[in-house]
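Several structures are given next for inspection.
Shared chain: subunit A. Partners: subunit B in the first complex, subunit C in the second.
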Partner chain A sequence: MGIVIFDGVAYGMLLFLIGVGLSITMGLMNFVNLAHGTFAMVGGYAASVLMSRAGLGFFPALAAAFVAAALVGAVLEFLFYRRLYRAHPLDQVLLSIGIVFVSIAAFTWAFGPSMQPFTLPAVLQGQVSLAGLQVGRYRLFMIVAGALVLAALLLALGKTRYGAMVRAAVDNQRVAGGTGIHVQRLFFLTFTLGCGLAGLGGALSLGMLGLEPSFPLKYLVYFLIVVCVGGAGTITGPFVAALLVGIVDVAGKYYLPEAGAFLIYVFMIAMLLLRPHGIVPRKGLS
Partner chain B sequence: MTKTLLLSPQRLRIAEVLLWIALAGSFFLLPDHLTLMSQVLIFGLFAVSLDMALGYAGILTVGHAAFFGAGAYTAGLLARHGWGEPFSGLLAALLLCAVLGYALSYLVVRGSDLARLMITIGVCVLLAELVNRLSGITGGTDGLQGMQVWPVLGLFEFDLFGKTAFGYAFVVVLAMFLLVRLVLRSPFGLALRGIHDSRKRMLAVGSPVDARLRMAYAFSAAVAGVAGALLAQTTQFVGIESIGFNRSAEVLIILVLGGTGRLYGGMVGAIVYMLVHDWFADMNPQYWMFWLGIFLIAAVMLGRGGIMGVLSRRVRVQESGR
Partner chain C sequence: MKMTKRTLLASAAAAALACIATAAQAQDALKIGLIATYSGPYADYGRQFDAGVALYLKEHGGKIAGRSVEIVKKDTGGPAPDASKRMAQELIVRDKVQILTGLDFSPNAYAVGAVATQAKVPTIVMNAASSAITTSSPYIARLSFTVQQVTDPMARWMLRQGIKEAYTVVADYASGQDAESAFKKAFAEGGGKVVGEVRTPMNNPDFSAYVQRIKDSKPQAVFFFFPSGVMPPAFLKVWKERGMEEAGIKLFATGEATDDSFLEATGDVALGLVTSHHYSYAHPSAKNQKFVKDFEAQYGKSIRPNYFAVTAYDAMAAIDQALARTQGDASGDKLMAALKGMAFESPRGPIEIDAATRDIVQTVYIRKVEKNRDGQLVNVEFDKFDRVKDPAKEAK
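Moving on, here comes the complex of A and B:
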């Protein structure tokens, strides 16, 4: 029981890392972005290739994954996304499905359709004893990393000037623009940060989910569930939702392996029925 | 400036009839490609059904394959377990998908665009997972095999060359299309168009907006179910890929290629998409995906409207009563 919750929390942290950027994109810019998994994949492949071909260590590779995904996100934002902030959601869906398709094809062409090889660094191998439980070091590291990112994001959003600007723009974009906030630049920076975090999550997922070119489609629903169940535009919402999804999914795989992913979809629909605007709804929606 | 061609309403009707005659004529002109042409018709009907929900009612859905697949499995399972009469199979699929669509519409209609998207994708992948897990009934990833479809009207047996399949698909698709056309041109269809253009004003004039959207969604689901059942009966096989996210994305691409919110958008899109797809059938599926993605990005960046959008800029219809 304890180990199921622990593994579920570790998995949830991973989903949170990848999903939190999507939550901000959807909440701040009202952009229905189905291509978020692509940025996670970019980060994962960057880390994997740097480690296997350039001999980089695991921790520098994580940083590189963040940078690579953020760069790709910045370029795509500049080229495509910024033109569609006010467009119909259908256009946004089509654009992001297009990006997903192109990225899957390009990564298959460049790296082949098989799963990327990955070996954990020696520090994170094996298990440690924690309060009577034998837990994997890698999962423990993931939980610590997720908690650190959560704390940093909450501090940045709650205490800094940039965070205040983001909160203002999420609550009311027009008024925020009227007070002199450069909303377009804010979007750009936030989108880039969200993509970087997704890249970090993608790199961390190498040892847990495995990485292959179909990653953006395979886990698309999971990222969307985290955002929708949690409530778009918040940080704590996706965090709570990601932990719930992680625990439900892992528990399902332990106790009801024949149900497969079925449980998680039922969970999502039930949650959307109970709380249509998410666990932590944005101000002005509830 | 390109010259615009002016068409009278009568000529437009002639063009409409000509399109259907051309489709029927492929029976004689392309006897080796009848299976492909049946699929063109079926996917056209599927895209038209999506257009009702997406283009006319404005419900953002990326999970319409849920109904297509549900219809296909309904007809498939009926034929597998001893009731192979084609028309009643279609009717069963239609009724089941209408009920399913109406039940889901309560979830779909009330939410925001994001919630609609989630619910539709969620239900679609849920059904796909269900089909995958219940492999004892559905055949799982191997697909549903062993369907016995009886001859149409007890006269025309389904043959290897797809002659009966084409004729049957043509008649059913034409009938369903005319039904959709009738519904969309009725006061109900006009109300949908009004809701699409301005929901607030329609509320203000007292139109029961949510009820109208629910009806449209259920109707669209029913038509999608018929399309799925047709595919199952004409190919005597239901693959697991008929339900799921990729099929939903594919039909969305077909509709966008043809043009959303236009009666013939789905049909024209299906003709072009399926023929091009067939043309490049030898191509590695990864490259096909790459070009589809490029097409989607280009379609969004260069402006929506699809083939029918381009046509409507070239061809103007004279307004009646002048």
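Moving on, here comes the complex of A and C:
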């Protein structure tokens, strides 16, 4: 029982790490960014290539993954995304799904269609005893990383001037602009941050999911579930949702392996019926 | 530029010559339609097919049975039976191909089989491993393998090692279910007992729940079947992390789990895994060593030939020999008759085409993942089952 919850939490943390960036972009900018997985993939490839070809360690590679995904995000925001902030959601979907397909083709061309090699550093291999449970070190590391990111984001958004501006822009863009907040620059920064987080999540996923060019499409559903169930535009919402999805998924597969695969969809439907605007609804919506 | 009478004449003559040349070539060239996956997550399959075909043609001066060869490729982009059927029709009607081949996914092979029956075009399956494909059309011969053919020897070998209890884990799709039933049947016939079974979804990000469940039920051994690619490494990572080996649970699989083209990317988690399959890149025969050397000379060391490339190579060899028997007649009935009962040496070892079922009969090897002298992970064959037929057809 304990180990099942632990595994579920670890898996949920991974979903949170990748999905939280999407919650920020979708909630703050009302931009339906289906290409979020692409940024996770950029981070994953950056980490994997730097580790296998340049001999970089795992932890510096994580930082590099954040930077690489943030850079790609910044460039794409500047070139494409900023033109469509006020556009119809359908146009945004079209743009972002197009980016997904282009990225899949580009990564296949550059790195080949097969999986990227990856070996965990020795410190994160094997198991460690924790309160009577034999838990995987890597999973424990993922939980710690997820908790750190959550704390950092809550602090940054709740306590800093930047955070206050972001919250203001989330609540009402026009009024925020009227008070002298440079909304476009804010969007640019926040989008970049969201992409960077996705990249970090992508790199952390290397030890669990296989990384190949179809990554952004394969896991898209999971990111969307986390954000929809949690409530776009918040940090704690996706966090709670990701943990619940992780636990439901792992527990379902453990106790009811025949039904395990679709239990999370049942969970999603039930949650959306109960709380259509998400577990932690955005201010002004509920 | 001013065009003089002379240049005009010369170019007209050249054009006429070119026309004659292409016409002559069209008469001579053997046209083969290759239906495979060249894009999407399975684009590797098409690349391996191409490599195998190209190697055979290069070895034989670009000719099959004395004729030049034209390969017309079609990309299905993955499992796509409707598209495959349409492509087969196009190849036969518009491109006038005489032989169809390729076919990586079983649903595609079934769809093309229907067209082959109608048009009486001989079709050589290069991979699709569902047992009933060869029964579905009299114009299909298979040179790859069937899931049952490689699963059944694994069960028998495990019994020989004194394993009496096993737990099965398969991916929930047609081939996974085939592997599960073939394993259960062979294992039960030999006196073993399947103590648990689980089917995992195809798109499964985290295997921890399944592995934990197995760990808690403490079986003697586990047999798993996943399609080659991302699933086996993800499973093996969790297996290693959970300390299953230390818990005394033995792990076995079919060769998809240690597919040569993904083995390096899978990494050390695969070390020591025992699998059953018909081809290993490290097969010690002279024929295979030459094959691997030629492959490296052509494509470098970054990709390895796997069972796709070998089967593609063998498909060309089979067409070559069959055409030699029919004196170049590629019509459906004649070519199929020539293929039946054909036996030759492949890089994987001796193979033959069963005269009754048109399916492959071959040696199935038991292999273990080890590091070779260059530090590469390879499947080292250490035991074998000779002349294994498809057990699913034997039963009928």
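Simple rule for what comes next: the second predicted complex is superposed on the first by the 285 of 286 C-alpha atoms of A that agree within 3 Å, B and C clash if a C-alpha of one lies under 4 Å from a C-alpha of the other, contacts with A are read in each partner's own complex, and residues count from 1 in each chain.
Keep this in mind: a residue touches a chain if its C-beta (ideal position, glycine included) is under 8 Å from a C-beta of that chain, and two chains touch if they have at least 3 such contacts.
Everything quoted here is computed from the prediction, not taken from an experiment.
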**Item:** First (subunit B), second (subunit C), both or neither touched by A:G98
**Value:** first
**Prompt:** With the two structures laid over each other on chain A, which partner does A:A232 touch: subunit B (first), subunit C (second), both, or neither?
**Reply:** first
**Asked** Given the touch rule stated above, what does A:L224 touch, subunit B (first), subunit C (second), both, or neither?
**Response** first
**Message:** Contact-wise, after the overlay, does A:A106 reach subunit B, subunit C, both or neither (first, second, both, neither)?
**Reply:** first
**Message:** So in the superposed three-chain picture, is A:L197 touching just subunit B, just subunit C, both, or none of them (first/second/both/neither)?
**Reply:** neither
**Asked** Touching A:L273, do we find subunit B (first), subunit C (second), both, or neither?
**Response** first
**Asked** Should A:G260 be classified as contacting the first partner (subunit B), the second (subunit C), both, or neither?
**Response** both
**Asked** Does the superposition put A:A251 against subunit B (first), subunit C (second), both, or neither?
**Response** second
**Prompt:** With the two structures laid over each other on chain A, which partner does A:R83 touch: subunit B (first), subunit C (second), both, or neither?
**Reply:** first
**Fill in**
Interface residues of subunit A shared by subunit B and subunit C, listed 108, 113, 258, 260-261
**Interface residues, subunit A side, partner subunit B - complex** = 26, 32, 34, 80, 83-84, 87-91, 93-95, 97-106, 108-109, 113, 217, 220-221, 224-225, 228, 232, 258-262, 265-266, 268-269, 272-273, 276
**Item:** In the complex, subunit A residues that touch subunit C
**Value:** 3-4, 7, 10-11, 108, 112-119, 125-127, 134, 136, 138-139, 207-210, 212-214, 218-219, 222, 249-254, 257-258, 260-261
**Request:** Enumerate the contact residues on subunit C facing subunit A in the complex.
**Result:** 39-44, 172, 198-201, 203-206, 208-210, 212-213, 229-231, 233-234, 237, 240-243, 261-262, 264-268, 303
**Asked** Can you name the residues of subunit B that touch subunit A in the complex?
**Response** 54, 60, 62, 107, 110-111, 113-115, 117-119, 121-123, 125-126, 129-130, 132-133, 245-246, 249, 252, 256, 260, 286-287, 289-290, 292-297, 299-301, 304
